[in-house]
Structure formats: C-alpha cells, structure tokens
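After this come two complexes, each holding subunit A, first together with subunit B and then together with subunit C.
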Partner chain A sequence: MSLTVWTVIFTSNNSAFGYSKESMITYIFLVAFLQSMIIASSLNGLASRLYSGEISNYLLKPINLFGLFAIQEIADKIKNLLFLFLESLFLFLIFKPIIVFPDLKLFLLFLIWSFGGLILNFIITLLFGSLGFWSPQVWGPKFLFFMILDFTAGKLFPLDILPIMLQKIIYLTPFPYLSFVQIQLFLNRLNSQDILKHTVILVFWIFILGTITNKIWKKGLKSYESVGI
Partner chain B sequence: MITIKVSNLKKYFKVYKKEPGLWGSIKSLWKRSYETVKAVDDVSFEIAEGEIVGFIGQNGAGKTTTLKMLSGLLYPTDGKTTVLEFNPWDRKPEFQKQFALVMGQKNQLWWDLPAIESFHLNKAIYEIPDKIFDETLAKLSKILDVEDILRIQVRKLSLGQRMKCEIIAALLHNPKVLFLDEPTIGLDVVMQKTLRDFIKTYNKEFGATIILTSHYMGDVKELCERVIIIDKGHKVYDGKLADIINKYARNKILSLTLENSITKNDLEQFGTVKSFKNNQATLIVPRKEATKIASKILNQFKVNDLNIEEVPIEVVIREIFGAKKIH
Partner chain C sequence: MRLKTYFNVWKIFGFNAIQENLVNRGSNILFMIGKVLRFSFSLIFLFLIKNTVSSFAGYTSAQMIVFFLTYQFIDLISQIFYRGTYVFSNEVRLGSFDAYLTKPINPLFRALTGKPDINDAIFMIPSLAVSFYIFNNLDISVTWLSLVWYLILVTNGLLIITAINILILSIGILTTETEGIIWIYRDLSSMGRFPIGMYMQPLRFVLFFIIPIGMMITIPTEVLLGVKPSFSIFVTILVGVGSLIASLKFWNWALKKYSGVGS
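Right, the complex of A and B next:
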C-alpha cells in the first residue's frame, strides 16, 4: 500500500522530504524486509506461555531456555524470508523498481546492524514476555508497543520527515534501531560520525536491555508458579 | 546412600481473593485482599537410593508442590533440598539428565505428532546414544505393550495408551530419580496393574529412587513400603505403611456368623454394630480389647464363624486427615 501512496506522490515530484523516488522505493522494500527479519517474532505469545505454565516442560529438561527461544526465532525468520522473497518477486514484477544498493562495506555493516536490531528486538520481546510471570494481561502494553513502534521505527514513514524536536525524542528510545537507522545506512544517508554514534548506541541498548531482561527473568523464574501441570 | 534430602522446606504462595460477580471485579481494581497460602510448611525428610516412597495427602495438601520443588520448577520460599547431591533449582543439565517428573494430568508428548517423534526429540535433548535409545525403547514399549501405536498421532490415542507413552518418554534416559504424580489417574484397573508392575520392575532393575503420589491407595499399598503423609503443608507421618495401622487405628473389626438368631441389642454391649443381617454381624471394637471381646462373644453365643480384621488403611488415613470420624 505504501508503495502505491509514495508512487503517487512521486508522480508530480522528483524528490520528496529529501528522498528521491528510487531511494523511497528502496526504503519501502527495506522496511518490508526488516519488518520480517527484525520486528516479526514468534515469541509474541510468550507471556501467556509463561502464565499458563507451558514452559514447565522445558524447564525440566536439559535445555537452555533462551537458546530454545532463539532457535524458534531463527526458524520463524527463515520462514518469513521465504514468504518475503515470493512477495517481493511479485511486487518487483508489478512496479519494476530500481533498488539502489550501497557499496560492499556499507552493505556488510547494514547486515551487522540488522543482526544487532534483531538481537535488540529479541531482548525487548523477552522483556515483554517476562510480564507473563506475574500477569496474563500483556496484550495492552504489547499493543501500545506495536503502535509506538509503527511510528518510531520508521515503518509507516521515514523518521526524518518529522520535526527535529520529535526526531530527537524518538532517538532517545531504542525503536529507531529496530529498522530506521539500518535503512538510513543502506541508503547511504549517514556520515562516518553518525555511523559510529549509532553503532555505539545500538550496542548500548543491547547491553542495557539485555542486563535488565536477564535480571527480570531470574526474578520471574523464582516467582514462577508452574500452574496447570 | 541418601538420594533425596529435604530440610525445613517451605513454599508460600500469595493469592488474591476476588469477590464473585461484576461488582467484585470492579472493586478489585482498587482494593485487593491477598492471602498467604502455605502450600508446603516446614517439611523435612530423607530418601535413600532405591526406595519407593508414597506421598499421601488430600487435594491441595502440598504433594505436587513438593515434587515441583524437588524438580527445580519452583523456587522454595525457605529450606533446603538436595537431589543426587544437586540443588534442583540450579537446573544443571547433569542433574536434569538423571531425573524425570511424570504427571498424570500433563503432556510432554507433542499432541499432533506420533509418540515416536517426541521420543526422538527427547533422545536429542538428553543426548542418548543410538544403541541405548533403541534398546530402551524396544524394552519399554514391549513391557507396556505399545509397540503398534508408536507411529500414531498422540491425539488419536486413548488416555491409557497416551499415559504409557508419557511414561516411556520420561524413562528413555533411564533416570535414577523418578517423581510420579498420579501416574494411574484415569486408568482402568488392568492398566493400573500393568503400570504398577512396571514401576516395580523399573525400581528393581535400575535401583531407581521413586516418589509416588496417588489418590489410589492400591498404588501405594502395592508399591511403597514407606509413606509420607502430608496434610495442609505439614508432614504428619513418615514411616512404614504397615505401621500406620498400629499407630493410628484405634479399633478392629469383628465379623461374626451366628448360629442362633439374636437381636442387635445383644451385640451392642460389646461394641458398635456396623451391620446386622441374617445372623451376620460386623462389630467395631476397641483394638486392645478385640481378643477379649471375641472370647466373650464366643462364650455367650453360638458362633459359627468369627474373624478379627484390621481396619482398612484407607479408613485409617482418612481418620488421620480428620475428614470423617470413623470407627
């Protein structure tokens, strides 16, 4: 849909909000790609799995719980990748877009950042999931999170079309690191100083949220009631 | 060797009490009353290698909670547990490879897959070598007579068949310690017997230490020499099953067949008359005086047959729980 919207916008202009038609189309394809690779998660039902006592089976066995979740995530992403490929092929045939690729160095960094984003999202999902140790009502905060994410990860529109003040606020959250900065890098819209800054911040978020999640899980497992079995 | 050691184990749950109805739900938004439930309260015991111990208790007595703490699923509020010299809570793989928890009301098998697939998954998880896996599987499925259903979707199996497959899944890695929580629940008598025999064999063959909880006294009577009785989170008895009767039964049962017809009143001087019909009577008499009373009856009446029996163990246990005043 956004592909259609932006195509219409670009019929009258050659560039909008500092994006050329080609970059915007690349942007849209990248958003779709990163949406499946980073944000989509098989662990969205984790809280109810905890609350219902379903994970007891795994806790009894010599399995690393986080390892298990990670593998489920990877399997899910591989499945997404397959569908994404078919979908993109279809869209390519209709729109015949020109995708602007960065040089190899940037592309590799893009892959690394995307992987970082994936880990960050995995941690955030585990953090939300851990609420299930205490309450089954995670749907509310999760819904809010998805709404915020749609606007702040750059899914609906590039963040740099927003007022500077708003952008600054958004950059204080981990959300732009779940898609937007990766796309900016791909489109070659970052200078070396930005690249360094975002790398540090991405690592910082992974570290901070990772530590918090780890602590909460340890606490959660202690109050785990293993009901239903 | 002591395999399981539990000292002063406690598990308290904080539960929220909600008033019924819509108004109760609304009220609970700003005012909630919590209550601490002492599921397990200061329980200590030791179990030696190769023992089969029965856990007896009413619903909510704390049996399953104790087993869950011994398995590392629940974090104890206080106290210490050691199983095979490990602290279960650490959930070390070396520990987890040596025990199994089987719960009658729970599935570990994949519902939509044949049981054999779950067995292969467990083989990978527990890192069971091919040869041992094949041997154990062949042996277990033969004893439990499930060889022809291993390739059928679990959802299509009957409760009994599923339970047997659950047991196999739990035993593939030859655990040294086995926690069986209501393993015979919902099974018919034939199946119960098969399972009991199997548990006995497993215990002998592997020298496995087994804790068994069951509502069926039959299970406990047949399998466990020693029992631990838990009531409202407390341990109330720990010892030989046979000793429960000596310790707690206050009465014995006298069954009589009389030659002449007498009245119920004639017998009531000796004890409580439980039944009286066609010259057949059952009397409940104080345990210590049972023989004395029997001889008195023999002197006074013409008796064809007289039998002194112990009160059934179920009744004694019921009395311990104080659920029903008996005999």
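Right, the complex of A and C next:
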C-alpha cells in the first residue's frame, strides 16, 4: 500500500516532503525490508509462554535462556529472509524502482546499524515479554507498543516529514533506531555529525534497555513459580 | 418477537464483555490509547499530504480524507460487532462450538456477535465526533440525495463485511485455523483507506470483486462526493446482497462438515 500511495503522490510531483521519487521509493522498499528483518520477532508470544509456565522446561536444562531466545530469533530471521526475498522480488518487478546505493563505507555502517537495530528490538521484545512474569494481561501494552512502532519507526512515511515538535518527541524514544535512522544513512541524508550522534544514541539505548531488561528478568525469575508442568 | 429475543441475547453478550473489560482495566486503557494514537497518526499523515499535494489519484486531498473517514467508520462497526470471528477457530478447536449448537439460538449469530468489542464501541464516540468535525471543515459539497445514497451504500458495505466474517467463520469450521486469513483480510481491508482505483490491476479487480473492499468503502464515498462511481450502484448492491447470500450458503455447507470433539 505504501508503495502505491507514494507512487501516486509522485506521479504529479517530482519531489515532495524533501524527497525525490527515487529516494522515497528506495525508502519504502528498505523500510519494508528492515521492518521484516528487525521488528518481526518469534518472541512476540513470550509473555504468555512465561505466564503459562511453558519456560519451566527450559529453566531445568543447562542452557542460557537468553542464548536460547537469541537462537530462536536468528532462526526466525533466516526464515523471514527467504520470504522477504521473494516478496521484494515480486514488488521489484511490479514497481521497477531505481534504488540508489550509498558508497561502500556507508553501506557497511548501514549493516552495522541494522544489526544494532536488531539487538535493540530483541531487548525491547524481552522487556515486554517479562510482563508475563507478573500478569497474563499483556495484549494491552503489546497493542500500544505495536501502534507506536507502526508510526514512530517510519513504516508508512519517513519521520522527517512530520512537524519538528513531533519529530523531537519521537527522537526521545528508541523507536527511530529500529529502522528509520538506518534508512536515512542509506539514503545519504545524514552528515558526519549526525552519524556520530546517532551511533552514540543507538549504543546508549542498547546499553540502557539491556541493563534494565537484565535486571527485570533476574527479578522475574526470582519470583517465578510453576507447578506440575 | 424472535428479533427481541436475539436482541436480549446480544445484550447479555454486551454485558459480559463490559464485565470482562472492567476486570482488565489497565490493559484496556492502553488498548484505547493505542487506538487513539493510530487514528491520530493516520490523520496527521493525511493532513500532511493534503497540505503538500493538491491532487491524489484524480481526487482532491480533501476528498481523500473522506475515504479514510469512511474506512474508519466501517472498520470500527465491524470490530464492535464481529470480534467473535477472531477467536472462533479456537472455540472450534477447544470444542466450545459444540455447546453453541445445542442452544436454541442460531449458532452463526452466537459465533459472529458473541464477543462484542467494548473498547471499539467506546472509541466510536470520539472517533465519530472528530470525523464529523473534520468533515464539516473540509472543502467539499454534499447534497442530501448523495448523503442518502451514501447511507444506503454504507449499509450495503456492512452486508459485505458480514459476508466476509461469515466466510472466515466457515473456513474456521473446515480448517480450525483462521489466524492467517484474518490477517490477510485485515491487511487488504486497510488498503481501503485510499480509493481502490489507485491500485494496479489485478489487485484493483481483487479489491472490487473478490474481497470487495472497494464496494464497501470506495463506491459509497465516491457517491457521497458526487464523483462518478467506479462501478454502478446496481452492481455494488448486487455484490453486497450476493456476497451475503453466498456466504450464508457456504456457512450452511460448512456446518454440515463440522464434527464435534465431544466436549
């Protein structure tokens, strides 16, 4: 839908919101790709697995729980990659977009930032999953999270077309670092100062949320009880 | 008399849903905030387009907002009344559907309307108020006649939504798994936020005749705006009534294939 919407907008305009047609179509392609790779997660049902006692089985085994989740997540990403390739090929043949690639240095940094986004999303998913230690009612926070993510990660439109005030608020959250800033880097829309700033902020979010998640999980596991599973 | 009985039964479903919501207050408040955010962000995006682009797929930017408001209204109605569709396949798997069949009310009525969504019912009030406010401030002219046809065609759209939900329930009986098909439907229906005419063929054909989102949302809005509709009103109503009859026949056929789990 996003591809069609933006294609229609650009049929009567050479540029809109500071984007050329090529860069906007590249943006939409990349955002679909990154969101499927970074945000789609096999751990979305983690909270109910915790609350139902399903993880007791894993806790009894001599394996690291986070390591297990990470492996499950990697397996899921590999599976997604195959479908994503087919889907992208299909859309590519229909829309025939001209995707402008950055130079090798930026492209490598883009891959590193994307990996950072992947770790960040993994941590956020674990954080939300930890709610399952204390409550079965996790669909409310999860729904809110997905709604916020839909817009603040730049799925339908790039965040920099929003009013400045709204952009500032969104940048106070980790969500733009789940795909939006990576694409800005790919499209060569960041100067060296921005690149440095966003690298620091991405690492900051991974560190802060990682520490919080680790503490909450330790607390959750201490209060975890299951009977007759 | 029979209608009154069904209304009373539905009231009980409603009260049960309210009680459930009151138990899970925290989650429901967050759910509501999520709904408000989604509506607000969609509107912000549309207004940004309105202020930047003068025309969109042959429509003015103001007209485009009316397409979104119609989508929002029809989608909410569907969510309020037909939420039961989302959990039906689970009830078939668990055997709860066996109990529906033994009750003296139509099992389709129970499966379709048994779980009204109170959150969406509450959200409908501010959503309608905001929609009317926006509509009044848009640069569009509407005649009484087009408004009457709009209401008739929106009602026809609700018939189509009912038919789609019955189709999903029937698939639930046959396969006991509908999650995938519900997500496909949700994704396709969200395409109705924009006029269907802007999509390429064969997707456009699919969205008008196979999963008739276009007949549900695009045609009523075109008629309201005084734009020549993509298909005639006769064809639209034919699709609406036809899809409902076909879905009821499919449900009756699927019901004969049902085998209970003896719960």
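Simple rule for what comes next: the second predicted complex is superposed on the first by the 227 of 229 C-alpha atoms of A that agree within 3 Å, B and C clash if a C-alpha of one lies under 4 Å from a C-alpha of the other, contacts with A are read in each partner's own complex, and residues count from 1 in each chain.
Basically, a contact is a pair of C-beta atoms (placed from the backbone, for glycine too) under 8 Å apart; a residue touches a chain by one contact, two chains touch by 3 or more.
Since this is a predicted model, take the numbers as computed values, not measurements.
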item: Partner chain(s) touched by A:Ile63 [first = subunit B, second = subunit C, both, neither]; value: first
item: Touched partner set for A:Trp134, first subunit B, second subunit C, both or neither; value: neither
item: Of subunit B and subunit C, the chain that contacts the larger number of subunit A residues; value: C
item: Contacts of A:Ser223 with subunit B and subunit C, given as first, second, both or neither; value: first
item: Interface residues, subunit A side, partner subunit B - complex; value: 56-57, 59-63, 221-226, 228-229
item: Residues on subunit B engaged by subunit A in the complex (per definition of touch); value: 13, 68, 71-75, 91, 93, 96-97, 100-101, 103, 105-106, 108, 122, 125-126
item: Subunit A-touching residues of subunit C, taken from the complex the two chains share; value: 24, 26-31, 33-35, 37-38, 41, 44-45, 48-49, 52-57, 190-191, 193-194, 198-200
item: Of subunit A, residues touching subunit C in the complex; value: 1, 4-5, 8-9, 12-13, 16-17, 94, 137-141, 143-144, 146-148, 150-151, 156-157, 161-162, 166
